[in-house]
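Shared chain: subunit A. Partners: subunit B in the first complex, subunit C in the second.
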Partner chain A sequence: MSEMWINMGPQHPMTHGLWNLRVKIDGERILDVDPEMGYLHRGIEKISEDRHYNEVVTLMDRSCYVAGLNWEHLYILASEQALHISPPERAEYIRMMCAEFQRIGSHIMWYAAFVQDIGLMTPFLYGMRDRDLVLDLFQSFTGARMTYEYMRVGGVRNDLPPPFLAQARKVLDWLVPRFKEYDELCIGSDIFHKRCDNLGVLSASECVRHGVTGPMLRSAGLKRDLRKDRPYSMYRDVDFDVALADGADVTGRYLVRMEEMRQSIRILRQVLDWLEHHPGPVMADQLPRWLGAPYAPVGKEGYVLKRNYAKGVGFSSIEEPHGEAQAYVVNEGSERPYRVKFRSPVFANISAARQYLVGYRVADIPPIMGSVDPCIGEVDR
Partner chain B sequence: MQPDDLARTLSPKLGDLLLGVEPFEGMAGRVRFRREGALDLFRVVRDDLSFTHLSMVGGVDWVDHREVFYVAWSDSLRQYLLLSTDVPAEDPRVESASSVWPSANWHERETWELVGVSFDHHPDLRHLLTPDGYAFHPLLRSFKLHEPEELEVKSRHV
Partner chain C sequence: MDSLYSVSYGISHAIAFALGSILPSGARAAIESSDVVVAFAVLIFGVIILAATMINTIMLIWWERKLLGRFMDRRAAMHVGFAGLLQNFADGFKLFRKDTVKPRDADRLGFYFGPTAYMITSLMIFGILPISSGWDTGALPLTLLLALAIFAFAPLFIFVSAWSSNNKYSLMGGMRSAAQMIAYEVPLLLAVVAVVLVAGSFDLNTIVYEQQNYWFWGPLCVALVVFVAAMLAEMERIPFDLPEAEAELVEGWNTEYGGMFFAFFMFTDYLRALVGSVLVVLLFLGGWTLPTWVPSAATSFPLAGIVWFMVKTYIVFGLFVWVRASLPRVRTDQLLRVGWNRMIPLSLLSVFLAALVVMAKCLPVFGCLPSVGT
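Let's turn to the complex of A and B:
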């Protein structure tokens, strides 16, 4: 049979967003792939140059719409380094709490979408049901379920409402037995293993060569987790294990994400205990007044620096649900960042698609790409 | 690893292509180099200093010149390293890192189309986030947000 190129996307159930996977096939066999991105490019990095530091937070929620708080966390850490501001300890703990709840929310969302890719409909509904509880928690202290706009340079917008801690513990208690249910539906099923074992294999050395990070890397057995290796916020003070698997395949990525959710619950219990016993301010005092100034577009004069504050460059790197996310913020002494650059983990993970797709069959693409957990908002930015 | 240790390893191999090593908060250091020494530096950083994972490549437009920066991670040192080089605005090009770190491929494509820095010997320098034929580099300072540009977009496959 002759070779041909087919388009999977931009509208295809496998894509989980707007992108196009061009596949060169010979019959059912994949010979080559060429991912095409850019359908969701909104120029977030460019728009950031025109916004005050705190206004960029709004764009971060839209950067990855299932892990908005992680991206806020990432950007705020880099901005604080660039602006020489340090937040109070309680704010750091609240951010960590947000990041871990968001990780659970993102992984459950991944679980729901992934199992649907391999043909299981019931777990999808279970996943969406449980994720809603996490979103309810976010709503109780940020007012929003998806675009939170909660973190600020120097702290977080508001403290937690009084009933929050009890509610959060209740959600954690509910989630623990649910993960067992998830496993019974997937790991306990022969169909799951037939669809997922030894599929999309990418060894640890290939992962490092091609910049693949996060659950994909840890499923290959390489123990790299930035929360442990390069602790930011207060991760130094909490106790948890790095989730690892050894298959380097789709099943391995499933196991890593499930274990990560259990470890997140472990972290959250410690963080909630700390928050209960350590009331305090959630915003740094003596912040420069212009940080709260309302938005005014840059006028005809262009990017003229109106004020002259201390300059600086900020860099942050966090373990986002999808992998290693980085922000690089250049502060040139104005109230707006001079340049903001983000590194999206999914961007790098998809760029290696040729390495883990070629040689498999067309029907294997949905489970393999599902196991990558593509979030196109953060790839295209 | 400290900036002094980096300089001790790098300066005998690179000579005057190395412009200096500065401290950088949260990283092993910031290495400034001349663009002519890019490939030599990348190889030394990867093989001798064990920074095997290239996290990101990006660019900054400083109007009179452009800066290209690279962030690399070492699993054995558990540290990041920042490399940066300046290229003149009238001839913005630097050697591609793809032959040393294959992960640089897409990051360089993005930097090329958004910041307008070209990468020599890049295996596949095509548009990634913007449409084919898009003639602007949006992250340059000369690209104004509030003055819409005339734009003609070609289809990619027809």
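Let's turn to the complex of A and C:
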């Protein structure tokens, strides 16, 4: 076979979403790649400008559908800063708990999809089985399994139901031995090492040059985790380690994510203990009226919302399961954000595809791209 | 009921005489003449084999689905028939009802000929595989060789269908498939040579009779390992299913096929898996015989040979399923490197060991291991 371009996507099992990886191949060898994104663009940033602050949360769930709560958290942090509102401590802890459970859920989802890329079927179903438990937990206090709409400017929508803490601990106790099972099926297999060692290598300096963050960066041995480096929420108060690996390859990314799940469990145990002993309000007092009642009441169409409150700008950056996500919210004094801008970590991670794909083989594309953990919802927004 | 041919002859005879009794005497004499009965018997023989093969293949799919379900902590097919036994029939009918869409630029002849020939040649193998003493076509001294020769046709037809699909993924899958099957044909045949050396015959019946006192998996364990690994590659099952690796090639050479022709491909894949399991049982696990220490009650009921043969076949296939449930897929270059650099030396070693076994049969130290048949 001579050189040819093939389109892996937009409908292709490798994509894990909706994007197109154009690959130039010679036989089985990759000569060049060209990632094309934008198939899932919904204009979330623009739509946000037309919505009340709390309504944007709905869009955040849709921006990364496997890490919805992390994205809610990101947006809420930025808009609270822009609106000069600070939430009660308990709400921050609940948000942190949501974020960590979501990280576990997202990483398990990544695991399930990734092992399928290298042909393992059984762990895929194990992963889906265990992720369901995390979703059950979310359902018990948000009412939804995927799109939660749980966080609010100034706190969270509702407090946790009474049996939640016991359930959550049970799930954590169940997950710990499962992670060992996952490792036995992957790291314990010689074929896994044959497939994944020294694959898709992207060194730390290359990562920094291309803005690659998250597990990909930490797998290159660079100790960078916003939860430690620039603690937001209540991460200053919990004790955990940054997952690291060397090798900068697919195996390294696997190890980093597995370790991150273990660290998340460690964080969660502390957070659950705190929540048990510190009951309290989950919404801030003295919230502006328009935040609670975004629409004019029926029959009072002439009702004008209060407009003369402080302007402001909010910026937040969090360690999302895929990498460093950032949000920028401009409050120009209306009840809607003037501008909302997000930085998607996966966008940068995928954009660097040429650096870590060229030179490998066609059969290596699924594991390498799987190890990037693409979530196209947040790439295209 | 001592052989398949006598069964089909009995059926043919009964049908011919039942038909003859309602026909006028001239036609009756013609119908009841031995030539017609024999010809009819051969036809019935073929139909029985075909039906048994197809039902077994579909049952094999059910067995795999159920086993995979257990391995994966889920329930697999549940709803159609008892324990989902009829699920695959339902799936099959659904596929047969569906339209086959031929891509515009696909080559018509190759597109339809490939899967059809792939299935037909694989079905042919079952015409010559014995499943119990007397239950075979008999009278072929080289059945094993013939079976493997037909088995080796497959890459050709896969490549034809892949190329004529006019799809880059299909073509890559076809190339991989051809490379893989050709690479693993050699160790497969060399492992078979080891068995043939010890058994002294290419006739599958003789090979089974030779195992009446000791099954070959013991003395020929290296050959068994090589054979099973090569068979996995020939069957294109995980960990060697890279020609149809769904992650990168979107089902490889059968990407463009839908409906009935996709059913042909799926069916034939399992057909070949059945052939593989049957060959493992015949060559290494004593075919339909049981060890002599088994109480005779276990082997004396009617059709005991077939029952034990089926049990062994399904267990062997169960092992293939286990492998599928627990191993990732290897890469093409790794597969070929293992094939040429490891499997072939190992299979040569197995031939050498087989030669030692043949010698050991008559060394005074061990005493002559008893062998049956001449």
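Keep in mind that, in the parts below, the second predicted complex is superposed on the first by the 367 of 381 C-alpha atoms of A that agree within 3 Å, B and C clash if a C-alpha of one lies under 4 Å from a C-alpha of the other, contacts with A are read in each partner's own complex, and residues count from 1 in each chain.
The definition used in the following text is that a contact is a pair of C-beta atoms (placed from the backbone, for glycine too) under 8 Å apart; a residue touches a chain by one contact, two chains touch by 3 or more.
Because the structure is a prediction, the values reported are computed rather than measured.
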item: Subunit B versus subunit C as contact partner of A:104, first or second or both or neither; value: neither
item: Subunit B versus subunit C, judged by how many residues of subunit A each one touches; value: B
item: Touching partner for A:230 - first (subunit B), second (subunit C), both, neither; value: first
item: Touching partner for A:81 - first (subunit B), second (subunit C), both, neither; value: first
item: Which of subunit B and subunit C A:210 touches, first, second, both or neither; value: first
item: Partner chain(s) touched by A:47 [first = subunit B, second = subunit C, both, neither]; value: first
item: Subunit A - residues contacting subunit B, complex; value: 36-38, 41, 43, 45-47, 49-50, 81, 208-213, 222, 224, 229-230, 297-298, 302-303, 313, 315-317, 324, 326, 328, 330, 338-339, 341, 343, 347-348, 351-352, 380-381
item: Subunit B residues touching subunit A - in the complex, by the definition given at the top; value: 24-27, 52-56, 58, 60-61, 69, 71, 73, 75, 78-80, 82, 101-103, 105-107, 114, 127-131, 138-139, 141, 143-146, 156
item: In the complex, subunit A residues that touch subunit C; value: 1, 4, 6, 8, 12-14, 28, 115-122, 125-126, 129, 185-186, 189, 191-192, 194-195, 361-366
item: Subunit A-touching residues of subunit C, taken from the complex the two chains share; value: 68, 71-74, 168-169, 171-172, 175, 238-239, 241-242, 245-250, 324-334
